[in-house]
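Below: the structure, in structure tokens.
Note that the chains take the letters A, B, C and D in the order they are written out, and that residue 1 is the start of every chain.
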Amino acid sequence: MITLAKAINAGLRKSLEKDSHVLLMGEDIGKLGGVFRVTEGLQADFGTERVVDTPLAESGILGTAIGLALRGYRPVCEIQFDGFVYPAFDQITSQLSKMHARALGKVNLPIVVRIPYGGGIGAVEHHSESNEAYFAHTAGLRIVTCSNPEDAYWMIQQAIDSDDPVIFFEPKRRYWDKADINMEAPSLDLHSAKVLQEGTDLTLITYGPSVRTCLEARRVAETEGKSLEVIDLRSLSPLDLEPVFASIEKTGHGVIVHEAPTFLGMGAELSAQITQECFYSLEAPILRVGGYNVPYPPARIEDHYLPDVDRILDAVDRSFEF
Amino acid sequence: MAQERLVQLLTPEGERVEDPEYSIEISTEELKALYRDLVMVRRFDVEATALQRQGELGLWAQSLGQEAAQVGSGRALEQGDYAFPTYREHGVAWCKGVDPVQLLGMFRGVNHGGWDPNENGFQLYTIVIGAQTLHATGYAMGLMRDKSDRAVIAYFGDGASSQGDVNEAFVFASVFQAPVVFFCQNNQWAISQPIEGQTRVPLYRRASGFGFPGIRVDGNDVLAVLAVTREALAKVRRGEGPTFIEAFTYRMGAHTTSDDPSRYRLASDLEVWKLKDPIERVKVHLARTGQADSVFFAEVNAQAEEMAATLRAKIIGMPDPDPDEMFAHVYAEPHAPLAREREEFKNYLASFVDQP
Amino acid sequence: MITLAKAINAGLRKSLEKDSHVLLMGEDIGKLGGVFRVTEGLQADFGTERVVDTPLAESGILGTAIGLALRGYRPVCEIQFDGFVYPAFDQITSQLSKMHARALGKVNLPIVVRIPYGGGIGAVEHHSESNEAYFAHTAGLRIVTCSNPEDAYWMIQQAIDSDDPVIFFEPKRRYWDKADINMEAPSLDLHSAKVLQEGTDLTLITYGPSVRTCLEARRVAETEGKSLEVIDLRSLSPLDLEPVFASIEKTGHGVIVHEAPTFLGMGAELSAQITQECFYSLEAPILRVGGYNVPYPPARIEDHYLPDVDRILDAVDRSFEF
Amino acid sequence: MAQERLVQLLTPEGERVEDPEYSIEISTEELKALYRDLVMVRRFDVEATALQRQGELGLWAQSLGQEAAQVGSGRALEQGDYAFPTYREHGVAWCKGVDPVQLLGMFRGVNHGGWDPNENGFQLYTIVIGAQTLHATGYAMGLMRDKSDRAVIAYFGDGASSQGDVNEAFVFASVFQAPVVFFCQNNQWAISQPIEGQTRVPLYRRASGFGFPGIRVDGNDVLAVLAVTREALAKVRRGEGPTFIEAFTYRMGAHTTSDDPSRYRLASDLEVWKLKDPIERVKVHLARTGQADSVFFAEVNAQAEEMAATLRAKIIGMPDPDPDEMFAHVYAEPHAPLAREREEFKNYLASFVDQP
């Protein structure tokens, strides 16, 4: 049994061992091991040249990572919390995402940006945001997110192996979730969605921290005699929608669950594509359960903001009643 | 860096010393008031730390060790001056008259700040490193347009000096000659990063390349900080443009209650800095010069205890916000879709009430 | 007859005259009058304290504007081109959008951020982007865009009057479009959508620079015997969807047109909401015509990227054939 | 600012002068080669400007007046050194051997750059102001890891000095002692903003507050620029950390062909700077010292004309890209949805082919 945080740590270690051009950069990732201890022990083992504590400047981190990548390195940048990636937004949006195209393919930027994201840990402002949609809307980036230790272990390595820039969202409130994991070989590639649980009545489409919540909702629904299929998207850009379309064609009902505000959140794109593809199979419109369209609320009321089993089942009921 | 010029008026041993450029005339009453401030601020901080340990706060960012930098600069501010803090300026908030209970709201997790910055001229805490230095500069540009003789002080840390925003604030402040004092508490650490991880030269030197003066002051010497900040404020009021103060101090606590400094710094460093404690030297000075006796010290302690007890009671009794509040202040003007979402949320919550 | 650019100029002038706390800030907006001459003559008339040429730093512009707003001013910031707003993304996302909520309503930030956006002017990289979705996904901001001189004139004034932050997108390739305008009184408030042309067969939902293209498409369709309704959204956040729902209930067909990449573009949200609301009225899924999911291409092929009459009519046909 | 120290080795009148710190030994051949570079770069620029006027380019950013700053620094670079330009470093591109035709692609609107930066060690042009200074710093950090003795040069303008990114680049370069020379062409203008709109003190002084040296050089003096840049590169190669060079020059043209400088600056300023022309002084010096005669000058001119004619022919014949190319290089690895979109696009285009 290993936690999700430790699984990423193990994956990073593997990548550092395998390729001497892989290096980690970020604030407090060295001796401290990062505020979530995801990089714990790595600086001690790989040295300060490969596990680099940077000055406190996110644009600086991304900008220098781009330079390092131009020199042949494969930097893995840690952003300390979701809400602190915005100072680097220009480097990500105008440089990281576009340089391969700008160079007509003559330059690759194999950079991974690790972002612990989402709420549920009782944190202060800016520490609980789900900002994946900003990046998924940006062509040239790949966006993935893991929901369990095994995926965490493999996906971080696959992200580092990718020759394209990857924004790697880590579900911070699941860092301490434990599981036995297969370290032999990955069962899926980086951009495949996965049907976690089969069902016949309705499809729950989700990713990252909400996967566990959806699995719980499925269990509760089962006791009420409803059979829900749960799909973990894993990759948000590109989307792997074949399993989703197949599922919706079977169930006729779909509910998308994520923590980000619904307005222009991933659910919007998913709903649009699913509706277009499965128009004649749908018995109800795709419904979305997400964060409300407000700034992330203070910790004492965050449970009301975050999609939970009740809200998911409420949407399931609304879908059936439609 | 230790050999740099450092303005000091009161040594760690409690001796008054002279500085060639800065002097201060201070009455016994004033000095005792400063001492009281320092003790109150520390007591507040200790109480908040305890409240966090007991689960009453979600997080706390201690100001331990930085009381002189904060009280010295905070007391230099005059009515109408405006402070832009980070998340650690509890001592400045104290001087500005912000209710300590309100200050704890965001650390408890009931709001993200929520006090009225205009009430005391103390802006909300800003967590995104460096962002507030630009707000401070803009506010100061507003003061100029209002032909006001008030000034602005922008707080930030040594780590923050690396952020683009802080350097852009220097550019704007200098180009527009805005009446803003940049007050950097160099507490030597940005979480686990020592100051050498941000700069190879003393921070106060950053200013001159942007066209304004910088000065380093002993941040654990409340008198020196007071004198230097007063002078800087006077200068910006006279329209001479921004000034940079580096208060050389030390973060004696953890970065926040979530942090574990034993992973990255030596306990012995802390011992060295304990000898430079900002409160002890004032106490020694007051006592040695006969300006205060044990009765006074006991009285201050009692006041501090009382404040702490009141604070504790108020925090423990502090209710959670109505969840519906998250919709309340997103916009100042009506917003139909959000109003509908809020209504749906209310109905959804209400749907549970009658259930068994 | 007055151009859209001149209409904004006139609106800015009105606001500067009306309220001495209104001030303009940006790069090259003074003597030069902005690269599009939108602020032409205003510094000469209102002085350098109210029409402020700033240093070259977008985060600095937004950050100091926030400070000025805290002091009671109403700054109108110009971002020179769409692609240069990203350095200010943190100030917009973490500060501008959230400060009212952070202060529990005790502080307002009545700031307008003017962004000339979109393509079609043969420009180099970063000068043709449609990045409205990033901002529309951000709670706490209001996002509007004008499509004609009259709206430009009134909406800029209404945006400045708003006590909330407004991102004001200006359709740069329509800057030179001319029209007679009513300067007496605004016909609509800032956040209302407008049915520009009625129709019975299909609804084109659009905004900003694509409005003119949709009106042209409507004319062509008419000659083919198809009656298209054209709705100019005008406000992207909040959305005013009542007219859209009413229209779709009438036509049963909807096509959304914008220049931004479709993936997580405004069309995604519109499609999701329309489908949910008009599920039983839809005879085909809502289709989207937008930019492709690639970085904005070089000028010589931008016409292929931008939705044009042909692509719109192609989608119209696909909707009818569905 | 005119009284600041300015390294100069060749006066506007073509006199060789001595500088206390910098000297240069230069053969006639070398000097003639520099002259040739200057003329070629200007001729290239003139041709591109003409091509823009005739609609063959969508936009052009002239380097007129900045040839010495660019050729002087460009020729100081050695094999394996890497340059990170803005969008105006045509002279550096020339020195680095980048094909002038390729350079015009983005200005014509057929691509966004598209040359291979690794072929000549010349990164793609970067339009977002300041972003490339961080890339340069990162590249230099890579050189250190490779134990390379190569160096990086990062170009940026006076206006760029206000951007957060540039200042963050200073921080990173200094903290990590990266082998990067920051080369600022202070051409006195950022579009319509004079240098006073960005800084109140000379830009080269910015560096010392970040812990590394800065120097101002006459940017219209190719010898001084060459000497100062060589020395700076040698220094960074020795592992002594970054250096800042401010090349004091003047943008003699408009900002770009879209700009109209008559709105914001006096024609008379231009006249003053014409007297400091970077090419004329080399010519005068070569002629006066008898190192070159009219035959040489005519030959250089002929070469320049030939280059211009070839360039023109190649540009005018340059085809538009296949529209489908916009999908080609978004990702290095397969991307199924984009591949589908590309396929649909192809089919859509094909649907027109058979129509009457």
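Please note the rule applied: a contact is a pair of C-beta atoms (placed from the backbone, for glycine too) under 8 Å apart; a residue touches a chain by one contact, two chains touch by 3 or more.
Here the structure is a predicted model, which means the values were calculated and not measured.
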item	value
Chains touching both chain C and chain D	A, B
Chain centre separation in whole Å, for chain D relative to chain B (CA means)	45
Centre-to-centre distance between chain C and chain B (centres being mean Cα positions), rounded to whole Å	40
Distance from chain C to chain A - Cα centre to Cα centre, in angstrom	30
Chain D residues counted as touching two or more neighbouring chains	111-112, 128, 162-165, 168, 171, 175, 197-198, 330, 337-338
Residues of chain A engaged with two or more neighbouring chains	54-55, 57, 59-60, 83, 86-87, 90, 94, 98, 101-102, 125-126, 139-140, 263, 293-295
Category of the chain touch graph - line, ring, star, complete, other	complete
Residue ranges of chain B touching chain A (in the complex, touch as defined)	58-59, 106-112, 127-129, 159-160, 162-165, 190-193, 197-198, 258-260, 263-264, 320-323, 325-327, 330, 337-338, 341, 345, 348-349, 351-352
Partner chain D, residues of chain C touching it in the complex	27-28, 30-33, 35, 53-57, 59-60, 83-84, 86-87, 122-126, 263, 292-295, 297-301, 304-305, 310-311, 314
Contact footprint of chain C on chain A as seen in their complex	59, 83, 86-87, 89-90, 93-94, 97-98, 101-102, 125-126, 133-134, 136-137, 139-140, 237, 261, 263-269, 271-272, 275-276, 279, 284-288, 293-295, 322
Complex contact set, residues of chain C against chain B	23, 49, 54-55, 57, 59-60, 62-73, 87, 90-91, 94-95, 98-108, 139-140, 142, 162-164, 191, 238-240
Touching residues on chain D, where the partner in the complex is chain A	111-118, 123-124, 126, 128, 131, 133-143, 145-146, 164-165, 168-169, 171-172, 175, 328-333, 335-338
